[in-house]
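For reference, the structure discussed in these notes is given below.
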Amino acid sequence: MFYHDKKLQYKVRVDKPNPQFARALQQAIGGIEGEIRVCLQYLFQAWNARGPVRYRDMLLDTGTEEMAHIEMLATAVCLNLEGASSSVIDTIVGNDPLMEKIVGGGDPRHYLSGGLGALASDANGVPFNGSWVVSSGNMASDMLANVTAEATGRTLATRLYEMTDDAGMKDMLAFLIARDTMHQQQWLAVLEELGQGNLYNVLPIPNSFPQAQEVQEFSYAFVNTNIDPEQPSAGTNRRWTQGPSLDGRGTFHEIKAQPLGQEPQLAPPIPQGHAQTEQMQGSGHKKE
Amino acid sequence: MFYHDKKLQYKVRVDKPNPQFARALQQAIGGIEGEIRVCLQYLFQAWNARGPVRYRDMLLDTGTEEMAHIEMLATAVCLNLEGASSSVIDTIVGNDPLMEKIVGGGDPRHYLSGGLGALASDANGVPFNGSWVVSSGNMASDMLANVTAEATGRTLATRLYEMTDDAGMKDMLAFLIARDTMHQQQWLAVLEELGQGNLYNVLPIPNSFPQAQEVQEFSYAFVNTNIDPEQPSAGTNRRWTQGPSLDGRGTFHEIKAQPLGQEPQLAPPIPQGHAQTEQMQGSGHKKE
Amino acid sequence: MFYHDKKLQYKVRVDKPNPQFARALQQAIGGIEGEIRVCLQYLFQAWNARGPVRYRDMLLDTGTEEMAHIEMLATAVCLNLEGASSSVIDTIVGNDPLMEKIVGGGDPRHYLSGGLGALASDANGVPFNGSWVVSSGNMASDMLANVTAEATGRTLATRLYEMTDDAGMKDMLAFLIARDTMHQQQWLAVLEELGQGNLYNVLPIPNSFPQAQEVQEFSYAFVNTNIDPEQPSAGTNRRWTQGPSLDGRGTFHEIKAQPLGQEPQLAPPIPQGHAQTEQMQGSGHKKE
Amino acid sequence: MFYHDKKLQYKVRVDKPNPQFARALQQAIGGIEGEIRVCLQYLFQAWNARGPVRYRDMLLDTGTEEMAHIEMLATAVCLNLEGASSSVIDTIVGNDPLMEKIVGGGDPRHYLSGGLGALASDANGVPFNGSWVVSSGNMASDMLANVTAEATGRTLATRLYEMTDDAGMKDMLAFLIARDTMHQQQWLAVLEELGQGNLYNVLPIPNSFPQAQEVQEFSYAFVNTNIDPEQPSAGTNRRWTQGPSLDGRGTFHEIKAQPLGQEPQLAPPIPQGHAQTEQMQGSGHKKE
Amino acid sequence: MFYHDKKLQYKVRVDKPNPQFARALQQAIGGIEGEIRVCLQYLFQAWNARGPVRYRDMLLDTGTEEMAHIEMLATAVCLNLEGASSSVIDTIVGNDPLMEKIVGGGDPRHYLSGGLGALASDANGVPFNGSWVVSSGNMASDMLANVTAEATGRTLATRLYEMTDDAGMKDMLAFLIARDTMHQQQWLAVLEELGQGNLYNVLPIPNSFPQAQEVQEFSYAFVNTNIDPEQPSAGTNRRWTQGPSLDGRGTFHEIKAQPLGQEPQLAPPIPQGHAQTEQMQGSGHKKE
Amino acid sequence: MFYHDKKLQYKVRVDKPNPQFARALQQAIGGIEGEIRVCLQYLFQAWNARGPVRYRDMLLDTGTEEMAHIEMLATAVCLNLEGASSSVIDTIVGNDPLMEKIVGGGDPRHYLSGGLGALASDANGVPFNGSWVVSSGNMASDMLANVTAEATGRTLATRLYEMTDDAGMKDMLAFLIARDTMHQQQWLAVLEELGQGNLYNVLPIPNSFPQAQEVQEFSYAFVNTNIDPEQPSAGTNRRWTQGPSLDGRGTFHEIKAQPLGQEPQLAPPIPQGHAQTEQMQGSGHKKE
């Protein structure tokens, strides 16, 4: 169950409000690399956790922390939009250039739908989408999804950091970037723990499926689909084509793409599917 | 540029067509863990690749291979639906139990929209969504996104494998599972190469942002948001709260969640936003 | 900022696990009437709140409570899916009828994508969508949106209550239904407070737009678009066509639909828009 | 069944075409607060109406009127885009600043996809989404959803009114704002009628579920989840924590958030779900 | 502007209510081949029409007719769900097999979200999406989009016809199928009229772009991307590889796929994009 | 199965990089008229093809070609964004006007999410959606969908051509426009072949449903829903109201819209649906 107090996790200050930066910050709220996604992802993984309770607890801790990050960013959006009140909206009537600024440069829905408030959308106004919440039931898959979210999330935060010279915003982002640094580490630490000290031992994911049931001759083969004899793949010593595999269970090698399957043959359409009559007459794969 | 031949990469055979299994297979075509996603993800990463060309070439190779996987799975869906022709649709009229089977157990759009053909959707008929295609411009982020896709994808494939006892389908899935094994390895091999032999050297991602600009006291701190004194977090020796950090640049430690920020104070609404009059009278954060 | 403990807000018990009921419960998690929506809606309204702080505080309180409701429902989904382990999945191989049950009656992604865990989706697997989060910046609009969410949410919960005879599930739903009862009341209480004791005083929303700027002859007129002289609208004493308006500022009356505007006339296409040549020759609205 | 004539419900005139305002108007066409939504919402409620026919008739009347509002707004978008023909597109080649205007300030799809025509999308180009159409089968829920739609819709219209100083656009919006005034009233009038003269009698919605089956000790309790002893909730005389409930069936009171449920305990993963092996070994909630 | 009466365009009768058929009918309401799409598509094309007014009038006529088709189908869904009241929902408690029927075979949201009413969604519960509404500003494109919609729509209707043996439903569908027959004709008739008696004269669409500006050597060339020498493309006398082109402006011929472009070379990442450091060191396309 | 080489199908050159044009190009990648859609549409139609193999082969050929078009356009986006490195991003800090350019005029996610790379989205950042992939199982429907896609696609390409004066971009677009010219022809050629030399013989689609089962009096009737006696439909000699039908099986005529159906009557709500009590008391359609 959840609780709150009335303060922010870290201070949020905007020295020079900027509606365009408000729009950019939306990516960190409602985008696929954003905080709503990681918040829900960690919490769903916690609620769905089957296995050692230590991981469930950890996921609850960080999922709850992420809620506070959404709060910080939503506050930052609001403060960046306050600039709209003095310099932009006030003068819309009779002043095309400024209207252009709020409508074109920023997200017009910040004004139209939010009254200068944050939205549950990304930087283009595309709504947050629940399909991004990964909770697979396989902890190694989930931890990789989490590291990925923190890697793309930290990359996004560093780009936002570069986009602004507002000292308050830079400070807030420097805090969020630091948290992403840690979060990358902690999910990887779980993977290392699962691999008993060696991350590669978690491979192949899931490790509970017997490899004997794979078509093993393709388990460590890099398939080269490039057919141009004059333009071979670049690079010598490509690690993925030689040497022992990372999990130590095979040897990397390279094969040229080649079909092992048949030309597909489907039955003719059934009458009730109402294809064109001509499709039903022509037999699927006979000689023409 | 791209080419094709008329055969499948690996043989696809369905001994006992099953419309319900056709529906489940859709998850591997148009779902977030599916093949359209990885195909487009690897190709967009290739087309957007800035940096060593060896990685671009590799991404092109595997993105092209994934196109052949969509083809295999779409063929498998069609073949599983052919069962619908003899045992199900033929007898719909006047036979409620069978109609229930095609409409309820399978995806009714396989018949209604596809005439017994595959769709660009997941197992619930939710369409493929381009937001799932991650191409961040940071190669480490991208490689992690790729390993994640192959980890959730392989997990999905093993579950599909368990759902069927059709020998042809099991064989096809055993091939796809083997390819996922390799693909997990190869993206990790790139990360290892980037880390010059030690994957942890890629951290924190992006590694081109100077850590001095983070709020560093929070870079290696695990924040515990659990406030229940009687129910502490489970587990001793939790790796993420002690010892050197994985990247060797800090020391893990644990702190209790505590607000460092202020209670947020927003300006009153601007007149043009047409809040209720009472909101504008009440000053935002004055004493009441 | 946010905190958690490790217990649920109210007990969650499933006596007779049922994957189909798990699917139905998803509507209360990720559907438009569900708990993710109200959680985010109340929190965004709090974070965006401009005006009296008492409402911000109230929104934070209830938004945080809703997070605990998602947790309860996600747990309920997991427990309902545990039935899948003993009676369904175990026997999939070689047993079509049971496979039909998990694949057809329930949500196949509960197994395929979640490993028997809850998803951020509705009862049809359609992902949660951030567009549902209403935070308009006008408090009366927002409170109405909140009452609506609790009214459709309570209706949903009573239907779920009717669908099950599992005593544990009925108990959990009886708790959630009670909370919805209160939440309907509290948002209406804010509206009454805003209306200084009379809810109708908040009308028209927003009340900060001068009604003199409306085309006032249409402000209290019911427009009847029914053109069938033999089938008039049913009902005598239709309140919305007679008597003083609810806000006491006008008088209801009824008018027959009638166009007051012109037949629209658009300019011919511009050359750069590349319409068909024939469209550009034919002048838009000249006599033919 | 439906009919049309060739004129608009109210005159639509654009004195000074403005592609950026065309973009903003899209929110009133295809946004969640827009006219496609209310048109379909009222019509679906009419078509699904079970109960007194007087309400069905009323919903048909207004749903049909809303269709004419979409028509007016689409016409307004087209006329605002005609400005693009003389001042913008003509000079794109060789003139970056103007291209910036059409591409940046407006919606580029107005030109690219529509040839200077309206789209079924919102102000950010996000398509209309059928999930917004609420038709719950409970008339009180539906009427609240309708008042909400008209409240957010009127708020949007007043903001559009502030954004422009075009006399024709202001006149059209003044008409639409007046209609929203009426529509708010009429849906509330139904609620009042349902409540037999007192709107609060419709509570709790649905009123057909016996309150004896709720966990009644929580039916009129405000749950305070704020744990900060130094920062209590603002406001004295908070109506929702004291006095009789609005429906007269209980007494408001306040309780501190406290868990009444257990720490959740899920079964270990089933083998066929292919979690990592380590998850299956570690027992879910045993001591570590 | 629009009007209605209270009757249906054609009689709707359900002899044997069937919730599963109700679900299938949803495809014809809210699916991509459904009536909401054509209704809005024709009306938006009318409202956006630039060029001869005769086409605008025609589009208004048929767009308005389609509204009546949605009404018929929504009524049909409701009547098919009434079966749920007597035979299904009444007995849910304590009766798993029947619950399975409503939850599994039909759309559970028909009950949960609609109280046995129609939704603005397709047969899988995926909401109607405004992106399907094509109004391109080029009349030939639009007419083709309209024929396509009526072709896929009629195909859908014939499949629904096959799925049921309810005489009332078959009669309703026979009417809708007849309307689709006409609608296919009428949009093609416009194309023929535009082509001055020969439909092929509308090609290439748009016909207002000077063909001299195309890279004309590829304007009538079929590109064969099949690289398998042993499995040539099937069929002799393939019309698209020989003979005069349909528009009489060129000659069909076949060429083997061959790259005419370069290997793409992108600049290295910019520092502010925060790629990995290694990407910036490795020069994009130098020798390795 | 699929293969690639490392070169582009046609040369891609950008003389004057322009982030705003990069945004516009996205419509041709991930928009409904774009290349991802046609690529997947043709390939799914190929993989689902039942009937003469000559069409399957043709669809494979062109679907594979379209993949190379996505590649060209993604490369063009990247090259247009390289301008952002020297003239825009470098100077963001301390330079509001330029920041406005990248954030407002272009797609901010090109920088924030892509590091100056292409996205699988349209010009407004709305992600590609799999619902656009039409593969109906009826070849005539599919071919019409394909011509439509090439008609709207060519229209889009000509508009992009008008938007730029970059010689490299114009050349690339001139190539793509030529390919669209051919693709329109080839799908129509299939229709002509199916119609045995006369395209109209494919009507009505599907032609495998016996017309005797339609309600034939409405099969060739144009329904006029215009009720304004003073404003009749424009145009004399409207082809769709007179003369033989295009398929030669009927005669066009015009009828005034008139209801042939009943006023719908639904049963009262079932108790378990928890409508308001008042709905259940009021009988659906009795006299009031």
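Order of writing sets the labels: A, B, C, D, E and F. Residues in every chain begin at 1.
Quick note on the criterion: contacts are C-beta pairs under 8 Å (C-beta built on N, C-alpha and C of every residue); 3 or more make two chains touch, one makes a residue touch a chain.
Keep in mind it's a predicted model, so treat the numbers as computed, not measured.
Undergrad: What chains, if any, are shared contacts of chain C and chain D?
TA: A, B, E, F
Undergrad: I want to compare two interfaces, D-E and A-E. Which one has more contacting C-beta pairs?
TA: Pair with more contacting C-beta pairs, D-E versus A-E: D-E.
Undergrad: Do chain B and chain F face each other with the same patch, meaning over half of the contact numbers show up on both, or with different patches?
TA: same
Undergrad: Quick one: chain B and chain D, Cα centre-to-centre, how many Å?
TA: 30
Undergrad: Which integer distance in Å separates the CA centroid of chain B from that of chain E?
TA: 28
Undergrad: Taking the mean of the CA coordinates per chain, how far is chain A from chain B in Å?
TA: So the centroids are 8 Å from each other.
Undergrad: Quick one: which residues in chain D touch 2 or more of the other chains?
TA: 1-9, 32-33, 47-48, 50, 52-54, 57, 60-61, 64-65, 75, 78, 89, 92, 104-105, 111, 113, 115-116, 121, 124-127, 129, 131-132, 136-138, 140, 152, 155, 158-159, 162, 205-206, 209, 225-227, 231, 234-235, 257, 259, 261, 263-264, 266-267, 269, 272-275, 288
Undergrad: Flag every residue of chain F that touches chain E in the complex, lowest number first.
TA: 3, 5-12, 32-33, 52-54, 56-58, 60-62, 64-65, 72, 75, 78-79, 82, 84-85, 89-90, 92, 111, 115-116, 126, 129, 131-132, 134, 136-138, 140-141, 144-145, 147-148, 150-152, 154-155, 158, 161, 171, 174-175, 177-182, 184-186, 188-190, 192-193, 199-200, 203-206, 209, 211, 213-227, 233-235, 238-240, 245-247, 252, 257, 259-264, 266-267, 269-270, 272-275
Undergrad: Per the contact definition, I'd like the list of chain C residues that touch chain E in the complex.
TA: My answer: residues 18, 20-21, 23-24, 27, 31-33, 101, 104-106, 122-126, 152, 155-156, 159-160, 162-165, 225-228, 231, 257, 259, 261, 264, 266-269, 271, 273-280, 282, 284-285, 288.
Undergrad: Using the touch definition from the top, list the residues of chain B that touch chain F in their complex.
TA: For chain B paired with chain F, touching residues are 1-9, 30, 36, 40, 43-44, 47-48, 50, 57, 60-61, 64-65, 67-68, 70-71, 74-75, 78, 113-121, 127-133, 135-138.
Undergrad: What does chain C use to touch chain B in their complex?
TA: Residues 1-7, 47-54, 89, 92-94, 96, 99-100, 103-105, 107-109, 111-113, 115, 121, 124-127, 137-140, 194, 202, 205-209 of chain C touch chain B in their complex.
Undergrad: Within their complex, state which residues of chain E touch chain A.
TA: 155, 158-159, 162, 227, 231, 234-236, 263, 272-274, 288
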